[in-house]
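Heads up, the next two complexes both have subunit A, just with different partners, subunit B and then subunit C.
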Partner chain A sequence: MPELGRAALVATLGLVLYAVVAGGAAAWTRRRRLAASAQNALVGAFATTLVASGVLLAALVRNDFSFVYVAQNTSRELPTGYTISAFWGGQEGSLLLWLLILTGYAATAVFLNRRRARDLIVWVVPVLGAVALFFAFLVVVVATPFAVQTAPVDGAGLNPSLQNPYMLAHPPMLYLGYVGLTVPFAFAMGALLARRTDERWIVATRRWTLVAWTALGVGQLLGAHWAYEEVGWGGYYAWDPVENAALMPWLAATAFLHSVMIQEKRGMLRVWNVLLVVLAFSLSLFGTFLTRSGILSSIHSFTESSIGPWFLGFICVVVFSSLALVFARLPLLRARTRLESLVSREATFLYNNLLLIALTLTILWGVAYPILHEAVVGESRIVGAGYYNFFLRVFGLPLLLLMGIGPLVAWRRASLRSLGVTFAWPAGLALLAGAVLLALGAGSSIPGLVAYTFSAFVLGSIALEFVRGTRARRALAGGSWPGAFSALVARNRRRYGGYVVHAAIVMLAIGVAGSSAYDTVGEGKLVRGESLAVGDYRLTYRALDEREAANATELRAVLDVERGGEPLGTVAAGKNAYTAERQVSNEVGIRSDLVTGEDLFVIAEQVNPDGSVYLRVFVKPLVNVIWLAGLVFLLGALITLWPDAREQRRLAVRYGDARAPTSA
Partner chain B sequence: MARKRNPARLVIALSVAAVLAVFLLYTSIAGGGTPSVAPSELSGKTGVVTLVGLVQPGYKGDPYGEGLRFQLRDRKGGSASRVTVLYTGSLSDQFRVNREVSVKGELRNGTFVAKKDSLVTKCPSKYTAKPSA
Partner chain C sequence: MSVALLLGAVLAAACVVLVALPYLREPVAERDALDEPGELERRQLELAEVRDRALGALKELEFDHRTGKVSDEDYRTLVGPLRREAAAALKALEPRAGSSARVKADRSG
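What follows is the complex of A and B.
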């Protein structure tokens, strides 16, 4: 079995190498049959990587501990779901998953566009092949998942903190996002190499970018929820370099998704868009480098493996070759039009882009500063959450406001008078909301109050857009209000799906502001029968329960919960002692109020031999709005992604083809 | 006739200048992060630093009461330096001998007095070093 896995990966390496060499030669010499064989090689590489992945998966499920990887990441007692998730629980497996997704994306992108964007795809193939070649080289030469040994009786097991349902989905979603950014990057480079610098590459990759961006966003929220439930410190985001590694490419991709609209509509920002794609892809590689190099101080402990320097070298090659290509093609990337006014739709998109990139780069600086400081001054430094929170407010709050302004401003030029009319209702609503919140005591956190006021403004402007659009649709086509609403969204999926995503981001801001700026915390040691009051809640320690689960001993302190004298049931918090892994993990108790969105979050910090417990209790207002925002975000992204035949026809007319390039 | 400048360039230039100004303002007020030092580098350091090292055998006390006392040594190299840390606050289940931790505080009379709840135990999550044979 391991021989089959190794052989399949060597075949993948050979096929992607062929795709690079033959694909490059075919594009250069314009030989159609050679180009087709290079495309087939890329599709074949997906098939061979699928075989290698099947071998590893089978070894995991069969507990074949003769595979070093299986022995290091699973045990006989590990439930089947987590045995499968061990595929991406270790370094070698996660790199194989990366390669599998990459070759899968590449094969799909080539298959869908091989006839419709032929002049582009001949150059895209060697670029995709080159990226796949790097990852294939890693799993064949540097970190193979098919190393073998004399099988031990049992494996080391999976880290307890990874034994959480969210870990089944969080890493694959992030990989779908990270790797997905390869496709727009390859098309951008392909367009530059082919000297086809019009909007065709953007049209061909818009949905690919959206898929990658959605997966990255959902993956981060799943990770945040995992941290909230499993890590048990009372938060969901700690500005750790590993978390930032996923946030940075998402922010860059967000900027790109907005700026491509300006290029599509006005033919502007062509250089900027190519640079954003390069930035997003490079940041996704940089994130992988961070998590595998051991170069940074993080709450995650990473091996200082030999992979780091390979990644650093590859990032340098990607950045320098991409920038050199952009520089060489600058004359072809000149904008067709100019920004006519600083008060226009395109100008607000530009401000949005600048804020997003400023936030991305300040986060990057916070991540890189300790490395640079140590290299230059010889002293290591740690950049704390205060730095990131400061810049999140400086750049994030104006971004929030722009989400409400941008969609309502006219293209090309808007007068101040028309702006006054347009924004009267949302601004009035925002001021009213701010005043009411101030009266209710929300002034204890000025950034929180500002965030809520801006959120009211954005929600008001989104609602106004839906109301105006539905009314216009009904006046035009008649019918019922729900029918007109459905038709409005169906005929403008990109626009109204985008508004739903905006609403999700506002909900995220509301949840983050509420749970971080207005939370309450209390702690204390309790013996049975004693109580602890936190906010409006009173918790009474009733019992200490112990039970044997499949792979752990579970110890739980059971607490009666009251609010304002009214009993609300119980909440249990404690520890799990994992047998095979010989580790203990905190298991928090959470009582959610689905009406107010508030959580009562209980950590049993210490369970003493005499039965007493040391508790830390948080009351987190509106924290559940964050998770609800994830669902709304997904809904908005799906609306935007849903195929639209009308749009395809419009694009076909615009680009003079029988059919436009297939987006995904 | 003078060539008309593109306002987009002006916006970008002003934005970059504004970002730099905010950045300089922040770093001049808040400084550039906390120094991170190993136990062997702590001697002579004043002010608040982040101490990073490996937990040594023999820790005692109650972090939720009078305080937990433990010793840290360097992660790398063969330095024999040990620093005693006095810590109160939340303690991760991952805290144990030979686990890498970072803790914020300052040196007072030969003991590193940690700030409450500042101890972070590195999570032995994905991609951890292979156990030695």
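What follows is the complex of A and C.
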């Protein structure tokens, strides 16, 4: 039924166009029914996009190769899970997913805020509609997923590197994050257009930003795990532009989530917050542009790409029009309070923001420079990992330290005596950890040692916050220690959920430092019966197994593993030869030690016709702490996101009071 | 007529009905102007935000003092201005006779 899919997308295009035109007219002329009609159009656009997505999904599941998209991205032998994931495996499908999530978010956000922020919503609708209009235009006119052909016997199959369980979740999570940043952007622009720069746009979008930020964070970790397992080069993050594309908006959103607290608590940084929202949204568009325009292959492929120039034009329109709007509304955004002291919680948040944005812009330059160089000079350039690692240390290590300092400093100002008391324990713990690690030989990597020392400081300060808070809560309300602890967290979910997220970031730092600064590498060619020693491990090549899977021939070198003379079982690494796709992929072997968090990571670089194999082996200490950090990150985000009845009551009183009779 | 064509027509009709719904429900509106908050309501919202900010800061200061993060000396310096700020916002938000009518008049423009 490609006709139904096309008709549904044309309906989406018409509805979002109506939402822009009628919504804009309603906001301008203040007409109530027209505004409600425009809101309904956004809801309808979600429904029609859902229908179009259903048509594509049905075509994928039915292997209907009369759809060009289905024939290009699946084959008959492809397992069902990957057939479904082919929805976002190609350009047209992923753009449709963008549109589906966007219209879904838009309909939900408008519905949830239709009463509390009614005067903002009338302006938010045309902004959301305008973003949706661009993506609807792309999938209707430029890159339709419903192009048809005479059905071939079989499809071309899915890129083998995408045939991994992590690919079922990684792209949708990233898209939930990218697209989610549209909501705070639309509310910020709506507030500026409506000249309503009170805190309602922040209240309305706080959770949306958190959801988008959490999805981007989890999506990146899933992507890192996919790269670790599937790409087969021995790492999980290569500073690839596609990876950076997701990191940049996440960093900008992280800065926003911190600076918005300064606006809520002190009424400061109002211009900065709006600019951060614009930056985060623009970077999310830029990320999609990088992955979808072909510009990363070469400028040539970009100019030949169907969507690249459209995307670039849209990003320019978004950036220039939002900056012009912010500039026009500057008088409304003036702060009413000033920073009282450079030693205060808000000041540490400000430092954190400056470092996060410096890191974001550094990465942006690293991504943009090769593209600009090729466009201007005509030669391609590569910005290597050395550039990014240098700036990660320069900005990342102070950021890590600030995560420990911030919670220990009071709002407004803190005296040296207070700081001395609160810093004593975490600083002592950090120095002790540093000294012990130095004695154990961690001084072989100075950045690694510094990262671990700072991590100990942050963990110490977080633990101290929980202990002191629980003690104070117990002194105030009595009861048991666990009861006081849960009451503490429940009464201030944002603060303590945030601390859990900080602990996750520290775990990430520990895992990254351990696996990159203290790893061991070995390589060699082995024939059956020969051994290779790497670190404490010894691997003996036992057999070469061949197996026919559903859509590939799997070849595996089976290796016996010993550590310190003790047998630990086997690990298998090899290659998959995909029949329909006519491609070969590296399939690594990983043996995880869940007690120490260490991985033995084996790549079969070559499997020779004589049965010998060329192996590359890594021992990666603490790498599993990175994946554990993902779970802790999710837990912290959920605590922060969990609905807080007390806060809802407080907000209800606030907005109720604003409508109640008072003195002028 | 194919099934796809029929479903497409149904979809298009449903979209038109959904968009026209506010006008179908209320063909002739007595008042079609958006509920526009006036200057007075904006001022009240601003005061309510100032009040909440000051009360929140006071609560946080008390807790930080209790946990030992804020010293007695810092507490004494900070608590006074915060209390005055909260009191001023609360006083400004106190209801007075006749102001209800002013809000209504202000909102209707």
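Here is the rule we go by: the second predicted complex is superposed on the first by the 638 of 664 C-alpha atoms of A that agree within 3 Å, B and C clash if a C-alpha of one lies under 4 Å from a C-alpha of the other, contacts with A are read in each partner's own complex, and residues count from 1 in each chain.
Methods note: a contact is a pair of C-beta atoms (placed from the backbone, for glycine too) under 8 Å apart; a residue touches a chain by one contact, two chains touch by 3 or more.
No experiment lies behind these values; they were computed from the predicted model shown.
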Overlay on subunit A: subunit C relative to subunit B, clash or fit: fit
Which of subunit B and subunit C A:R547 touches, first, second, both or neither: neither
First, second, both or neither for A:R417, with subunit B first and subunit C second: second
Contacts of A:S37 with subunit B and subunit C, given as first, second, both or neither: second
Superposition-derived angle with apex at the Cα centre of subunit A and sides reaching subunit B and subunit C, degrees in steps of 10: 140
Partner chain(s) touched by A:Q606 [first = subunit B, second = subunit C, both, neither]: first
Subunit B versus subunit C as contact partner of A:V584, first or second or both or neither: first
First (subunit B), second (subunit C), both or neither touched by A:G14: second
First, second, both or neither for A:M1, with subunit B first and subunit C second: second
Subunit B versus subunit C - smallest C-alpha distance in the overlay, whole Å: 19
Where subunit A meets both subunit C and subunit B, residue numbers: none
Residues of subunit A touching subunit C in the complex: 1-4, 7-8, 11, 14-15, 18, 26, 30-37, 40-41, 43-44, 47-48, 51, 118-119, 122, 196, 198-200, 264-267, 408, 410-415, 417-418, 421-422, 465, 468-469, 471-472, 475-476, 650, 654-655, 657-664
Residues on subunit C engaged by subunit A in the complex (per definition of touch): 2-5, 7-8, 11-12, 14-15, 18-23, 26, 29, 31-37, 40-50, 52-53, 56-57, 60-61, 63-64, 66-71, 73-74, 77-78, 92-96, 99-100, 102-103
In the complex with subunit A, residue positions of subunit B that touch it: 6-8, 11-12, 15, 19, 22-23, 26, 30, 32-37, 50, 52, 62-65, 90-94, 100, 102, 120-131
Subunit B-facing residues of subunit A, complex: 72, 89-91, 94, 156, 159, 161-162, 171, 231, 233, 268-269, 291-292, 297-305, 338-339, 341-342, 347, 350-351, 354, 358, 361-362, 369-370, 373, 379-384, 386-387, 390-391, 394, 523, 525, 575, 583-586, 603, 605-606, 614, 616
